[in-house]
Each structure stands twice: as structure tokens, then as C-alpha cells.
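What follows is a pair of complexes built around chain A, which joins chain B in one and chain C in the other.
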Partner chain A sequence: MTRRTTASRRRSLAAVAGGASLALLLAACGDPDGEGGVAEPDDMGGDMESSIDCAAYDEFGDLEGTTVNIYTSIVEPEQQTQEDSYDAFEECTGVEVVYEGSREFEAQLLVRIQAGNAPDIAYLPQPGLLNTIVSDYPDAIVPAPDATVANVDEFFSETWKDYGTVDGTFYSAPLGANAKSFVWYSPSMFADAGYEVPQTWTEMLDLTETIASEQETLPWCVGVESGDATGWAGTDWIEDVVLRTAGPDVYEQWYTHEIPFNDPQIVEAFDAAGEILKNPDYVNAGLGGVDSIATTPWTDAGFPILDGNCWMHRAANFYQTQWPSGTEVSESGDVFAFYLPTDQTDVKPVLGGGEFVAAFDERPEVQAFQTYLSSADWANEKALATPEGGWVSANTGLDPANLQTEFDQLAYETISDEAAVVAFDASDLMPGEVGAGTFWTGIVNWVTGSSTQEVVDRIENSWP
Partner chain B sequence: MTSTPTPLPSHAVDKETAPEKPRKMSRAERRAIAARGKLSSPWASGIAILIAILWTIPSVGLLITSFRPETVIRNSGWWTVFGNIASGEAEFTVDNYNQALYGNSSNLSTFFVNSFVITIPAVIIPITLALLAAYAFAWIPFKGRNFLFVAVFSLQVVPLQVALVPLLSNYNDWGIGGSFWTVWFSHSIFALPLAIFLLHNFMKDIPPSLVEAARVDGAGHVKIFFRVLFPLLVPAIASFGIFQFLWVWNDLLVGLTFAARPYQPMTVAVAELAGSRGGDWHLLTAGAFISMVVPLVVFIALQRYFVRGMLAGAVKG
Partner chain C sequence: MDWLLTPGTTGEKFAVMVVAIVLFVAVMSLILFAVDRPKRVPSWVVALGFVGLPLGFLAFGLLRPAGITLWNSFFNRNTTEFVGVDNYVRAFTEPQFQKVLIVTAAWVILAPLLSTLIGLVYAVLVDRTRFEKLAKALVFIPMAISMVGASIIWKFVYEFRPDQGGIQQIGLLNQVLVWLGLPPQQFLIGQPWNTAFLIVVMIWIQTGFAMTVLSAAIKAIPDDITEAARLDGLQGTQMFRYITVPSIRPALVVVLTTIAMATLKAFDIVRTMTGGQFGTQVVANEFYTQAFRQNNQGLAAALAVMLFVLVIPIIAYNVRQMRMAEEIR
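Showing the complex of A and B:
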């Protein structure tokens, strides 16, 4: 009897203890507003205080203590510079901006909208996604407030405003911009060999030919591997060439499908790109044969330039941040870039991209933040907060002197040039089945041996 | 109440101590002997070792890569390390681990804690509920028991993905959206059908005479459960616990979809390591190893339960 009592008492004590510790654990962890988890970085001291004019946000009333949630595909290392650029706004208004970045953004955003917990603000990486959201969830997304519209009218060109407009309603102000028409090279290699930066497409092909005959190394290095998005880097190549051989008007007809994907003008552009990309005498410098294009990560494809094994690598402005740490990006440094030249005399086409700010709530703090993001103040703050570079905006209020690297200033000059025609990345504007599907796989087939005609026919057939 | 240790259901032992008298072996026994012969042949051992090596190569490659400097990772394969060691040129570094753990504002160390906070309740809750349900299904006769059991069991075929959006909108309506509760609930919901099925089968395996004897002695359901069944169920509970632990620890989808940023598990953070445009992929190997350590320890420490418990629960349907 005694034994039994002790045993059962011990057991019940154990059960009580176990239950209590579980309860404690649940209580400690279940608090959704708790301060556990990721610590917010402290404000960067008082040195940024009132660096902007706070009066612009007076019309939104007292916003002290409110919160704005943003959701985006921009994660580290760019996340920190984004967050830093909001400090001025937070100090002006007292609004707390909560940042959440995810690489699964595009899928998760739609899930959240469907489930009814859309973020206050999302940065859409392409206008196509905006169209999808407006047509599928018209109740979730809200048009841009008047103050934002006024900013966009003042600081952005009509083209950029159009990308954020669906059926005549303006939803999304542009945020950052990408300029993709650049060729990276080593200034010192060019100087040592006595080569000049080419000014026209023909000059560039001549230079390529010269390098191929004079040098032991091949002129171009290219890579399009990018996990489940393999091929996109190659679509940029083609798009850049379409802009140069067929012109911006045909380019627009191409992505709107007014002309078929296998139109002779597009075939011509593929073949013009193929003169470089499919020529074993020109590619793939330091990396292998022509078919190594498909298997080389786009992030690493330019690295042979650093070892002196490759002369030219076409990549976007954001490639600047891909160089290994310690690489000096400047005209007198290890690598720099020149504008991918064209034989056109009237226009300078620039293949571009960018993010757009979509709002899913009409609270005054959300509208105030939208307005801030579309202002020249933000563009300048962001430029100052990005010491490593790799960021530009199409905002005309941006003072180029605030851009922290020589290359970013070149990128800004390029997109704001008088003759520049900024054409949005066509694969982002085409239907997803093509722009994020057969166009990508088509590129892989093309560089691994399929003929141009086969590839464009197959892509045309897949157009929904 | 008897205080003698409960006899284990060990038919095999009984048979071996059976009279020496030569007797006809049953078919099952002949098959077992044949199988034993096959398994212990040198060929079979060779193949088993070969498969083990082949299956380990990717992990070894991952481990080696995680200790190599970034530029070397980008320029050559991990297998070149052996040649380099021979020539004394091999370079190793813990930079990748440093950067993955403390490198930026979303460093892995905070998410590591989150993973524990998510995993432990998400293992305890379904096991507790499933034990109660399994006991009822196994030993309490009530109307519609079989139908209900089949219904619960068949819930296993419902894929997790179809429940994501409805669950998420419900959580938001209840005002718990984004918190740890959503992850605990979701994991418990998705685990229960299998947990009930496994534990029920294991409980049914226990000789009814034990339960009847206890009942004759005047024990109620609670006493039978805790004094008779529970000690026998330890291997099954442990095996399901490991199973659920590994599943929850490695889960990305539930954590990504339901939890808000400060409550997300480490798998989500590892997925973000590569950076906006995938440029930092050299950190993934280190991230993968950091997240692998805990399940590896759990599995190795408890694997004998894992094998025993899984067989006990699943073989007898």
C-alpha cells in the first residue's frame, strides 16, 4: 500500500510538473506581440534626424505609434539598405515600418491575399504581377492616393507611370529601377591591349573579332543558370538585341503578341545574338564550350574577367553587387561596364526593370509611406543608404551626386539620357507560361544546339 | 494491482525455447531462415555497404564545401580537395558558418531558437491527443467506432497544400494569424491521422488479456491507460515522436505560410540565405549543416526506437 501511494504520488507530481512546464512554454511562446524572435535593429542614432522635409506628411494627420507592414522579394544584402532608407520617414512621422522579405514572395503574396491577410504594402517585381492581382483580386488592392500620384507625375516619366497603371487606374508607383544593357569589362585589360570601349554594335563585333584573333583567350563569357529560373539571363540578351535590331516599336508589338514570337524580325535578332552566343570562337571564355552557357550560374559567369580569362560579360547593373568582396568597381579599378552599344542613331534603347509599390490598405500611415517612397526624398535617402551601390531609380528628383558608386552614376546617366528609351523586360510582361516558362527553356535549348527557327516556333506554339 | 513487470509480447523468444524435439517448421519460419541467409551473405553486405557509401557522398560533399572559402567554392568542385590535401594546398575556413549564423540582420541563431519553440509543442500536442484517441478506438467499444476510425485514417490522403488558404483565413479571423499558435495547430492537425493510426495499431497489438485482467482487478480506463498500456507504448511513442520531430523540424511550407517573420523556423531563414538574386549560394551548405545538426542528434540517439516502433505499429494492420 505504501509503495503504491509513493509511486502514484510520484507519478502525479511528474504529470503536474510536466503539464506546468508545457503550460509555461506555451504561455511564453504563444504571445503574438511578444518581443521574442528577431530583434529590430536600433535606430542609427540621431545623425539622420530630419534630413528630409517632414511637412509633406502633415496632411496625413498624426501617425505617431502606427505601423506599416511591407512584404517584398528583396532580402539580404539589399534588405538592410532598404530599411535604412526608411529612417528619415520614421523619424518624421513616428510610423514604424516592419519589413519582411522572402524569396518565395511571388507565391506567398497571392496566398496571403486570398487568405485575407495581405500586407499593407508589397513591392511587385514586375508589372505582370500587378495585372494579375488587379484582375483576380480587385477588392484587395487599392489605387494610389492623390499625393503619390502627384509625386509620380512630378518625378517619373509617362512610361514608368504606365507600368503601374491598369485599365486607366494608377495603382503602383515605381520604386527602384534596373538597367540591364551593360557590358562588364576590365579597364586595365583593355588599356594594356590597346582596345577602346566600342561605341556602336558594329564596333563591338569588330572588337570581338579582333580579340578572338589576337588573344589566346576568348572574348565573351556568358552564363544563364539560375536554379528553377534558368534561362532568364539569356532572355535579357535576346531582348537587348531585339531592341537594337528591330527597334523599340517592334519590341512592344513582340511582347504584346501583335506580331508572333517567330516573326522574321525576332528570328533576325536571335541570329544576331547568336553571332556571339553560339560562336565557339567567341564564347565561353574561361568557362568551357558554347553549351557551358546553360550550366554556368549567372552570378559567377563574369568572374573570369577578374582572372584575365574573359574580356566582356553582358549583365545588368545589379551585377555590381555580385562581384566577390574586394573587387574594385570603377573606371580605374578591376572591373567596370559600358553601355551595350547600338547602331541606331536616333535612340539609345535601355533594357530595364524595376519594382512597383502596391498598397492593400487605405490607412493614412500606409498612404503616407506610399507617398514617401514615390518622393525624391526617398530616392536620395536610398542612394545615401546604399554605400556598396547596385541601386538606381528612375526618379528624376534623384541627385546623381548622392549615388555612392561611379557605376551607379553611369547607370543613372544611362536611363535618364535624352535619347534613352527604357524598355521593360519583355519576359516579365509576357504571359507567365512564356515569359517565365518556354522562353527560359527555349534559351537553354538554343544555346545547347537547337536552331533559332525550332526554338521560336516552339515558344510561339506555347503562347496561351 | 500486480507489481511484476509486464511480460513483453515476444513470440520469438517462446518459440526458441520450445522443446528440442525436431518438428515441422512453419512456412514463416522457413522464410525467416532463408531471409537471414540471404541478408548475411557477403554479396549482400557488399551491396549494402556500396549503397551506404553512394548515399553518403552528397552529404560528405556538402560538408566539405561548407568549410571551403567562397572563391574556391565557386571555382572548383569539392572533390578537388583531396588532391589539394595531398599537395598541401587545401584551404579551410569557418567563414561560411560565421556569416550564416551572424552575418546579417536575419541571422540564423535567432531562428534556431524559433525552430525549437515550434517543434517541441508540435510534437507533444499531437502525441497527447493521439494517445487518447487511439485508446478510445482500441479499447472503448462505442457505436460507429470502426466508421469513425476509417474516417480519421482516410484523412491522411488530404494533401496539406489544399488546406493552406482556408486555414490561413480562419487563423486570421480568430485573430491568431502569424503567431506560434498557427504553426502548432497546423502541425498537430496534419500529424493526427497518422499518429492515431500508428498508436491505435500498436495498442491493438497488446494482448487483450492484460487489459481484461486489469479490469477484473477493478482498474478504470485511466488506470489501465497509465499503468498497463503506457509502459508498453513507450517505443511507439518514441518512434512517432522522432518521426514528428524530424517532420516539423524540416518543414518549410507550414512555417513559411503561417508564421510571421519573427516566429518563422530556421528552414525559412536558410531558404533566404542565398540573397535576393541567389548570389550568396555558397552560404547554403553551411546553413544546411546548421539545421541538420539537431535532427541528426535526435535520430542517432533514438534510432533503435525508431525502427522497432515503426515496425510494431505498422506491420499488423
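Showing the complex of A and C:
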């Protein structure tokens, strides 16, 4: 009873009056508008949060007053929306969730594990990192609890579950998902110039050629600078093209190293991407020559679109949060995105990514929180707590109507499309030496002058 | 006794405080009581009493980790398997790492020589002029800026924007180029000059240090020497060549070696400005990349050991020069 009272702290009167079972019923089926007595109109952490079913956490016992520490690479501005989405769980169980975001996460997490100071929960941005942790620190990481596994079986596809599985043991439930196959553009610039959104890769190349010949400005803007992770944005470009020129099957053989990195099909994909990326007539709009791709921060690379200096910028769905405040992201606004088209007719490849929840402790509150994060409740809470958009999940329990922006709904449609083949970011699946090392530097060398063959040969040689 | 380790209430915390104070007083009185007891203490006991604790800390905090690093450098990436000198072989034979060594060598040769030279000439030029204080302060200020801060400042100086309609240059150097009618340059990309542009930052910082130390040394040259030289007919550059430089030789050596060591450890500038891309990687940054990005502990340890070995001759030379200077005196 104590916990139930906490659960509906704000409606304790109702709970007491109606008895525990009624409170539970309200909590489970509660219509947010029906509970409008709480005067917090815009605050998503307000009356909405009690809409989750607290009974799911009964099996973990009384958790009142306990604490769960999270360590993650997700920092401001997304940090706030993450924290807001935990409110419902905190209200339910009385657990305090302590959030710590760091830009040095990838380096520091391993240091913390080595030092015996691992967080309770870490959000791993790459399955490759999960593999490293499981093989190097098998004693530190703990498998996902049964309740979490049940949630993942219910709400996620088999593929997503596989990314969190190492050697048959399931460790990490997926958290958020990224859809990376998008091209940002200015709908008004396209309309004024009389351009249509291209439906195939060939159409897109034709449009590129048309813009290059008709317009003063260059068609594409690209940037891959990202501190000591410089290059990753370029690997996404290549991966998207591999999916389109070689297809999803070759793509899988590529990251599992069944075919070498310098396979002719991969070289072909690099060259297909190079038709745009290494063509000084096509890039780098408003930013410089081809080599300026290497020095332009990925966060700023799309901004020339806003000044009318650039026409197209390929970037993931989370680029939505990078636009300067005041930019209207919609089909009738300043910027919007279209699906990076393909000439394939049988499949519609979508390059994806995501974070995974790894636990380093088996305390019941940690397991309860893992279970919450893998539930449909959390996905919906998170969607509601993200009014600015820029977040989707592969959780099938997510109600798309809860996604707050037009673009997020497009991103969700794109990854949940029947024809879509969602392929996980290959550089995140390759061994760290390649996926977070030579592939990145290879991209930098490639755009600053090295030939495709030199680059792929060097990456192949570095494969452990 | 649980409350002693994890005091919860205010009362318990006070109790812990009292216990701590009592312990402190007890230990102190024991020491004070013991100090006066024996009349004749062997001098090694006194010496041990004074240096024992610091030596213990040094052994634990410096020698032990150094030993562990050395040990790890003979193991594989997660230090589970002995691989002999493989890591060192890799560091010396793979083209990627050879490049790093060459770039590091360029740093260690250019940065100390140039900053010492510029600092020395500057110190001589402003010596006993009217603007001496102001001129020295101007060159010394960069010393007070952190490496990362200086790198960010210079990154802005080198910043590149294309020469297109509607685009404003924001980098100082490229704006100057555009004013002169030249195309803007990607200073941080073009090899091998980008390394030179990074070394400029180090020189900018270290010249102030060189200038200050050397200026003090110049002022310490006894007036009778300079006067005698002048009577013998020495002037201008000859004075500089035969009197000033030999007189301040010990100071020159100290400055050169100190800057050389600082340069070997150059990490912040490279990491902040290029992240080691575009062929500007140096050993110190490569070591960080291997340890924390690539998670290759063995190779990282080997690189750290190499860095340490490279510093040894510089320190040895420094110590020898100081000994010689003392003997002359």
C-alpha cells in the first residue's frame, strides 16, 4: 500500500477514496484529459505520467528511497527530455534516478569499469561497445532481467534484440532509435525553383546536376568534423550508399567481414558516394572545397540551407535538434527532410542506429528501471516529453500519435514501413579498431585527397 | 560500530568528529612525547623520518604506476596475453606510427629551437629600452593562457571560409589573405604545413617563457665583462655572439630542454585543433587515442614508455650541464 500511495501521490485523495484497486484501474486506463484536475497544462511530467501501470514493478519489491545511477553520452538539450521521461517511473516506485551525461562517455565508461566504479546503467551508443565490454569485463556487466526480456520480446523485433545479445546472452534492451537515411532541404527553395523531391537515386543525381548547372550555389553541403570522432558522419554516407548499390545482404557480409573491406562492391559504393562527395561542382555549398568536408562540424554542416547557400544535406533524424532555435521544421516551414532515395524497387533500405541499456548491477531497483525503459510506457512517455522532437524508438508499443513533430512521425513511418529494411549502422557493428578508428580516419583521408582504393586497402589492413 | 563508517544523523556526525579529534591529539602527543625521549638518534632515522613518507608516496603514486605501464606494454590490448616486444615493433614499423614519430620529431626539433631563438633575440632587443616592461609583458601574456585556450584562439585565427558571395571570413589569417587578393587557405589540412601551423601555437606560448628566463640571465652578466669587451672593440652582433650567448649558456640549456620536454608532451594543441587528423598526430595524442578510444592498453602503454624514454636523454643532458656549470663556479 505504501508504494501505491507514492504511485499516485498527486491523486492520493482519489486513491484513498476509491481503494487500491480503483487507483490501479485509473492508473492503467486513465485518460489524461479526464484527470485534468491537476493544473499543469503544458508540463508533460505532470498529470500524464500517472497514466502508466505501476503494477509492472510490484515484482521488484518495495523500492522506496533507492537510487539508480545512469551514465550516458546523451547531454543537453536531450538530457532534459530523458530525465522528464523518468518521472512516471519515479512516481510509481519512489526510486530516484540520477542522470549523468558526458561527452567523454565512450572513453570514460571503460575507465570507470576498470576502476570498479561502473554506473548502475549505461546507455551504449554502439553494439560494438557492448561486445567489447562483454569480452573484456565479463564480470562487470549483468544480463537483462526476465521482465526486461519479456518486454523486449513483446515490443521489439528479433533484429533489435540481436543487437543487444552477445554469445546467446541477452544484455541490452534498445532505448531510442535513429533513422539516418534522410536528406534535409528547404521546401520553399525547392518550390521557388520548381524542383520536386527526387524519388529515385538517379532522379536525385539528375536534380543535383540541374542545380549545379542552373543555380549560383552548389547543390550539397556536407561536414564530418566531430572532435576526436571526426569522420563518423561520413561513414553514414558510405553505409547508406552501400545499402543502395550493393544491397542489404552484401551490407551484412561487409560488417561481419565475410567479404573484405576492399571488396569491389564496396569500392563501387565509395565511388558512387564520391560522385557527389568528391565532386567540386557539387560540394561543399557555402563551406569551401571538397576538403572542407573534413573541417566542417557535422552539427553546422546543414546551416547553409537556411542562408540559401545549400540545397541538400544528408543527415540523420536527430539533426532535427541541431537546427538553430526558431527554425521551423515542417513540410511548409524552413527545412524538412526526404527519404534518401534508391533505385532499388524490391527493398527500401533505411540506415538506423540506436542506444542500448547495459546494466552493471543486479539490485532490484536497477532491474525495475531496465524493465521500465524497455516498456511501451516509457516509449510513449519519452515521446510526450520531447515536444521539440528529434526522437523515435523501434518500440512497437509506441503510439505514433504521441510523437510531437511532423518530422518525428515521418521518421517513425520510415523505420516501421513494411517495405523498409532497417540496417544498423555498420561502423557501430564493426570492431572498434575499424568502426571507431580507421573507418573514421579513412573518410577524412578520402575527402582530403586519398583515392578510394588507398583508403579501403588501409582499412582492410587494420581489421583485427 | 556501523555509525562510525556511515554516520547518518547529526549526532553521529558530531561523534565521528570528536573521535577524529581525539585520535589526532593522541597521535600528536605520542609523537611529541617520543621526539624528546632518546638523546642520541642515528642520523638515518631522522632522515627517514623526514623523507620516508614522501618517498613512500612517490613509490606508490609514481614508481608503481610507471612499473605497471612498463609491464603492460609487453601485453596485448586488454593485458591478458604476453606478446613480448610486439607493441614496440608495431610502433616502429607500421607506416601510420612511423608518421607519428616523424611529426613528433619535427615538434621536438622546431618548437624549442625557434621559441628559444625568438625569445633570446627579443630579450636582447628590448633589453634596457624604454618600453622594456610593456614589451616583455606582451610576449609573456600567452604563457598565462592554457594550452587548450590558446589552441581555440589559434583555431579561430586559422578558420577557413570559402571565397564565395555572401560568405564572410571569420579567420584572421584568411581575412588578411582575402584583403591581399589571395584565395583563403585550409591551414589545418594541407600537409606537411599544417604541423608547422600547430607548432606556431607552441612557439607562441613558450617564447614568453624563454624570453623571461633569458632576459634575467642577460641582466646577470657582470658589467665588467661587457665593458671590457666593448673596450676591446666588440660591437652589435659580435657582442651578442662572443659575450652574451656564452655568458648565458646554462640558462639557454635549461630553457631549451624545458621547452623540449613540454613539446614532447604536446597533446592539448593537437587534440584541440585537429584531433590528430590530417597527418598531425603526435605520440602523446596517439597514446591517448589508443588507450581511451581504441581501448588498446598494450600499445598505449608502449607509446607511453617510448615517450618516457625519449625524455630521458634530454633530462640527462640537462643534469650534466648543470653539474658542469656548478664545477666552473
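Simple rule for what comes next: the second predicted complex is superposed on the first by the 416 of 464 C-alpha atoms of A that agree within 3 Å, B and C clash if a C-alpha of one lies under 4 Å from a C-alpha of the other, contacts with A are read in each partner's own complex, and residues count from 1 in each chain.
In this text, a contact is a pair of C-beta atoms (placed from the backbone, for glycine too) under 8 Å apart; a residue touches a chain by one contact, two chains touch by 3 or more.
What you see is a predicted model; the values in this text were computed from it and never measured.
*Asks:* Quick check for you: in the superposed arrangement, does A:Phe318 touch first (chain B), second (chain C), both or neither?
*Replies:* The answer is first: A:Phe318 touches chain B but not chain C.
*Asks:* A:Val111 contacts which: chain B (first), chain C (second), both, neither?
*Replies:* A:Val111 sits against chain B and chain C alike.
*Asks:* Is A:Thr299 touching anything from chain B or chain C once the two structures are fitted on A? First, second, both or neither.
*Replies:* In the superposed model, A:Thr299 contacts chain B only, not chain C.
*Asks:* Touch test for A:Glu433: chain B only (first), chain C only (second), both, or neither?
*Replies:* second
*Asks:* For A:Ser73, is the partner it touches chain B (first), chain C (second), both, or none of the two (neither)?
*Replies:* first
*Asks:* In the superposed arrangement, which partner chain does A:Gly227 touch: chain B (first), chain C (second), both, or neither?
*Replies:* Touch partners of A:Gly227: chain B and chain C.
*Asks:* By residue count, which of the two partners contacts chain A more extensively, chain B or chain C?
*Replies:* B
*Asks:* Both chain B and chain C contact which residues of chain A?
*Replies:* 108, 111, 227
*Asks:* Can you name the residues of chain C that touch chain A in the complex?
*Replies:* 78, 160-162, 164-167, 186, 188-189, 271, 275-278, 289, 292-296
*Asks:* Show which residues of chain B lie in contact with chain A when the two form their complex.
*Replies:* Its residues touching chain A are 1, 3, 70-71, 74-75, 103-106, 110-111, 114, 117, 120-121, 124, 164-165, 168-169, 172-173, 176-181, 226, 256-257, 260-263, 268, 271-272, 274-281.
*Asks:* Would you pull the chain A residues touching chain B in the complex into a rising list?
*Replies:* 3-4, 11, 22, 25-26, 29-32, 36-39, 41, 73-80, 83, 98, 100-104, 108, 111-112, 114-117, 226-227, 297, 299-300, 303, 318, 321-322, 324
*Asks:* Going by the contact rule at the top, pick out the chain A residues touching chain C in the complex.
*Replies:* Within the complex, chain A contacts chain C at residues 106-108, 110-111, 132, 136, 216, 227-228, 230-231, 284, 286-289, 291-292, 294-295, 307, 309, 432-433, 436-437, 441, 444, 448.
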